[in-house]
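Next come two complexes, and both contain subunit A; in the first it sits with subunit B, in the second with subunit C.
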Partner chain A sequence: MFKAVIGAEKLKDSVESISALVDEAKFRITPDGISVKAVDPANVAMVSFELSKDAFDSFEASEGELGIDLAKLSSIMDMADKTDNIELELDENTHKLVIQMRGLSYTMSLLDPSSIRKEPKVPTLDLPVRIVIRGEDIKRAVKAAEKVSDYMYMGANGDIFFMEAEGDTDKVRVEMAKDQLIDMSSGDARSLFSLDYLTDISKVAGKAPEVTIDIGKDYPLKLKIKIADGHGEVSYMLAPRVETE
Partner chain B sequence: MGADLGDLFERIEIELPELNGRIIAVDAYNTLYQFLSIIRQRDGTPLKDSRGEVTSHLSGILYRTTNLIETGIKPVFVFDGKPSVLKNLTIEERKKNRIDAAQKWEMAIAEGAEDAFKHAQGSSHLKGNMVEDAMTLLGFMGIPVVQAPSEGEAQATFMVKNGDAYAVGSQDYDALLLGSPLVVRNLTVTGKRKLPGKSIYVDVKPEIIELEGGLSRLGISREQLVDIALLVGTDFNPGIKGIGPKKALKLIKKHGMIEGVLGELDTGIKHIQEIRELFLNPDVTPDYDVKWKKPEPDKIVKFLCEGHDFSEARVEKAVARLVDASDKGQQTLDKWF
Partner chain C sequence: MEQADSLFTGSNSICVVCRGAKLLCGKARCPVLVKFYSRAKVKPLTENLGIDGSSPPGVFVGRIGYPYVSVGPLIPPEHGDTMLLDTPEMWLGKSIDDIVDFRSQLVRGKHLVHIRDFESSKIIEATREMALCKNPVDVEAEFLKKPAARLVLDDEVQPFGPTAPLKKMDIGNTKFDSRMEKATNDTDMLARDAVIELYDKGTMVSGIQRAFSAGSFGEGKARRFVPTRWSITAVDSMIGANLMEKMKDNPVINEYMVFESWQLDNRFVVLMIPRAWSYELIEAWYPNTVWNPFGKDVAIMSSSEGYNGRTAYAEIGGCYYAGRLAVNEYLVKEKRQARVVILREAHPGYIMPVGVWNVRENVREALRNPPHRFQTLDDVFGYISTRLVIGKERWIQESTVLKETKYQKGLEDFFRT
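Let's look at the complex of A and B:
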């Protein structure tokens, strides 16, 4: 069984954080909360999402899986005001999710979880540099990089964190010293990432007051944010590009 | 299809990898017809799904376009819009030829004749959802699609002139008449190919034709080239009986323009000015977007395998090649598992 009530904004942010990478996902339900692990179709980026039952106004659930069409759920959420409370309930007989908001009831059919791509294993990576940065600073750097290239470097020289993009004619570089960041464990790192992915991820990360990023030399990056007032966490892993152009 | 001017121009054989990194504006209709014509079973029956719908064109788009992308070529498919009213006659005639060919094919199969394949090819026709399906598949593959206001080749030529593509990819020569500096032939039919009506196989290589060099070798202007095409016959007029490209070249060089030639031959061509305009000032649009996207493997597989009964194993293999080729520098997470 699954029955829960949650604030519209929290649910909306949650859906967006997953739909940044995939169109459909398997939501794993336990008595303690909801989690999702998904990898994008090209196997370049993955998201792990956890939302504790404490993020909900009420939450009752037994173990289960829901196959969710994220684009559909997101468009249903467009009908809710930020301050609305959303009631979610699984109809066990029809296996449909009933979504209620201020008198509106939407019965959403679920996807067969076995038709959704298998959940990825999350690799353990030992990355030398960790920075903690304001979300808006990441978003701004990505936005600037998009103006000149399709790719962006992220790296560190000792106590300096940098993001850099170079196009045919123009160049963008953002440099932040340790004291301009929220936190940093210094080191040397430099990896190239596709803005196709970073743009979508930075839209989600941009809203977060604190973003934790782990980087290495030609290694995937890990990016982690808290959601739902600290009752949930989203982390992304993004594979780098190799520098042969 | 198109004016037959192949003998006038030097066709330089190249290898596909020489086009690495080049954007080619592909005449989509021309290419789809190529696929329909050659991707067939031995008796000439096109590939079909369980509902009997032809899928040769989809097979061509997936496998052959993936081959191109793997060699580093960046194709953009340019689709025809509304044909010029002047083309109606040609369209009618083609329809008649197709029906004839289809009848001959049936007879040839009934008689077990060897030329069944040839007649089958002649019956190729783009109909129903075929164009729409092709666009859908290209979209899932992340390949840009451009809708021309009228002739696809004219739009493709415009894109080359604008510097948004390197060459027009087409089997016919109309892009030269339209002023494309470079035309690439045989892009999607490269490889071993059976000669029509014979059991001989030839190795087909891409060819590149250069307009300016060709014109200066012939000692004519593009306007004169259009006049030559008008004499020989285009998609918009049948041409003058008994006049081939070489004779037409001689006559145009002698008289300068088609009017003089027609005077000497004491004959006429309907709508000369309008047809000239179609080649010299065709209807094109600056409103197009050439942007490659990431292929969507799940959607390609679903569309082809569930929608059109393609073999999942084969499609997935092609899709993996496509994903790999589409973004060579991008690593996948597999490496760190």
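Let's look at the complex of A and C:
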């Protein structure tokens, strides 16, 4: 069984954080909350999402899985105001999700969880540099990089964190010293990432006051934010481009 | 090595971008096509103002003057089973001379009409009926002028012969393809759904394209004539996109596969990569081939799409969609998914454009034969370099999808072993 009430904005942000990478996802439900692990079709980026039952106004659930079409859920959420409370209930008989908001009831059919791409295995990464940065700073750097290239470097030289993109003629570089960041563990790192992915991820991260990023040399990055007033967490992992042989 | 490099320097010729369609050179007629016309030996087929023969059936809708277009049948001066003449699915293994020879027999009758005007003339009614027939149809046509002896060439559309304005035409008995008849009688069904249903029932792509151009499908009020050139790509694109949705649910292949087909001095290599779907067609035109007539260097052009597809029309034109249909047809049949790159080298024996069927049918042909299988991209190019002239570095440099495959790591590359 699954029955829960949550603020519209929290639910909307949650859906967006997952749909940045995939169109459909398997939501794992437990008595303690909801979690999702999903990888994009090319196996380049993955998202792990956790939302504790404390993020909800009420939450009752037994163990289960819901296959959800994220584009559809997101378009249903467009009909809610930020301040609305959304009631979600699984109809066990029809196996549909009933979504209620201010007198509107939407019965959404679910996807067969076995038809959704398997949850990825998560590589364990040992990354030398960690920075904690304001979300808006990441978003701005990505936006600037998009103007010149399809790719962006993220790296560190000792106490300096940098983001850099170079096109055929133009170049963008953002440098931030340790004292301009919220926190930083110094080191050397430099990896190249596709803006196809970073753009979508930075839209989600851009709203967060604090973003924790771990980077290495030609290694995947990990990016983590808190959601729902600290009652949830989203983390992304993104594989790099490596242009040297 | 230096020699190989010098062969490839310089920019692409505008011809490879234009392909006779856009007249980018600013001239009133495409000089490349004019050159072919002057060479093509077309005998006058008829000294009369009329022709009497079995249409394959063939129908042609022009694009000049849209929305007022020239519509009419393609008629050879002979009776009998002429189906071959307008069925590109049957043309593999034919030489350019064969194709020119039988296509130049087709006289195109034309009648100027608005794309939505289906009723003003018997010529139009008869032409639209023919487009639904599964067997050749006897046609007697009278022209206003004697058909001018010539061959018409186009990069997308198969060549055809002399053209003349129609005065009147009569057709013999028609027997509709029952699948087509059902689709055309359903005036609530979207054209796209009709196309896909006919394809799923095994109707030939060229037949669907012919009926599509005659405005046979779609919601009643939306029906219209569609220029042949556009209808070929519309149908290739719709069928391909539909197959692609199914293909994306399939598991990814687990090794590299290389298929090939050589026709008309075109070399096609279809490379399937064990990664999630994306697609690219790369064409290399040698100097003195159709779309690189004046260059000293090989002209290379490509279009590609990622996993989520593309929304803008492919830079290289209809051949992109013809190839995409053929590879998805294979992947759906094999219940697999792959990243696909088609490498095409057009060598100097490819002297005139014959239409995008050349790409569709050659890719299909390549995929009918068993592939060579490899474990790494290096091994793949070790083999390809024995089949194609252009080398690995140059292909990768020109290719979005190959670069992506080579440089973009996957998360699986970072599991500790």
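The definition used in the following text is that the second predicted complex is superposed on the first by the 243 of 245 C-alpha atoms of A that agree within 3 Å, B and C clash if a C-alpha of one lies under 4 Å from a C-alpha of the other, contacts with A are read in each partner's own complex, and residues count from 1 in each chain.
Operating definition for what follows: a contact is a pair of C-beta atoms (placed from the backbone, for glycine too) under 8 Å apart; a residue touches a chain by one contact, two chains touch by 3 or more.
Because the structure is predicted, anything quoted here is derived from the model rather than measured.
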So, after the overlay on subunit A, do subunit B and subunit C clash or fit? They clash
Open item on the list: After the superposition on A, what does A:A239 contact: first (subunit B), second (subunit C), both or neither?
Closed with: both
Legend entry - Touching partner for A:L90 - first (subunit B), second (subunit C), both, neither: neither
Now for A:V44: first (subunit B), second (subunit C), both, or neither, which partner does it touch?
-> both
Superposing both complexes on chain A puts subunit C into subunit B at one of 55-63, 181-189, 217-225 or 379-387, namely 55-63
The shared contact residues of subunit A with subunit B and subunit C are 39, 41-46, 120-121, 123, 125, 194, 196, 219-220, 237, 239-243
Per the touch rule above, subunit B residues touching subunit A in the complex are 294-298, 323, 327-337
The residues of subunit A that touch subunit C in their complex are 39, 41-46, 115, 120-121, 123-125, 194, 196, 219-220, 237, 239-243
Listed in rising order, the residues of subunit C that touch subunit A in the complex are 248-249, 275-278, 306-307, 407-416
Interface with subunit B, subunit A side, in the complex: residues 39, 41-46, 117, 120-121, 123, 125, 192, 194, 196, 219-220, 237, 239-245
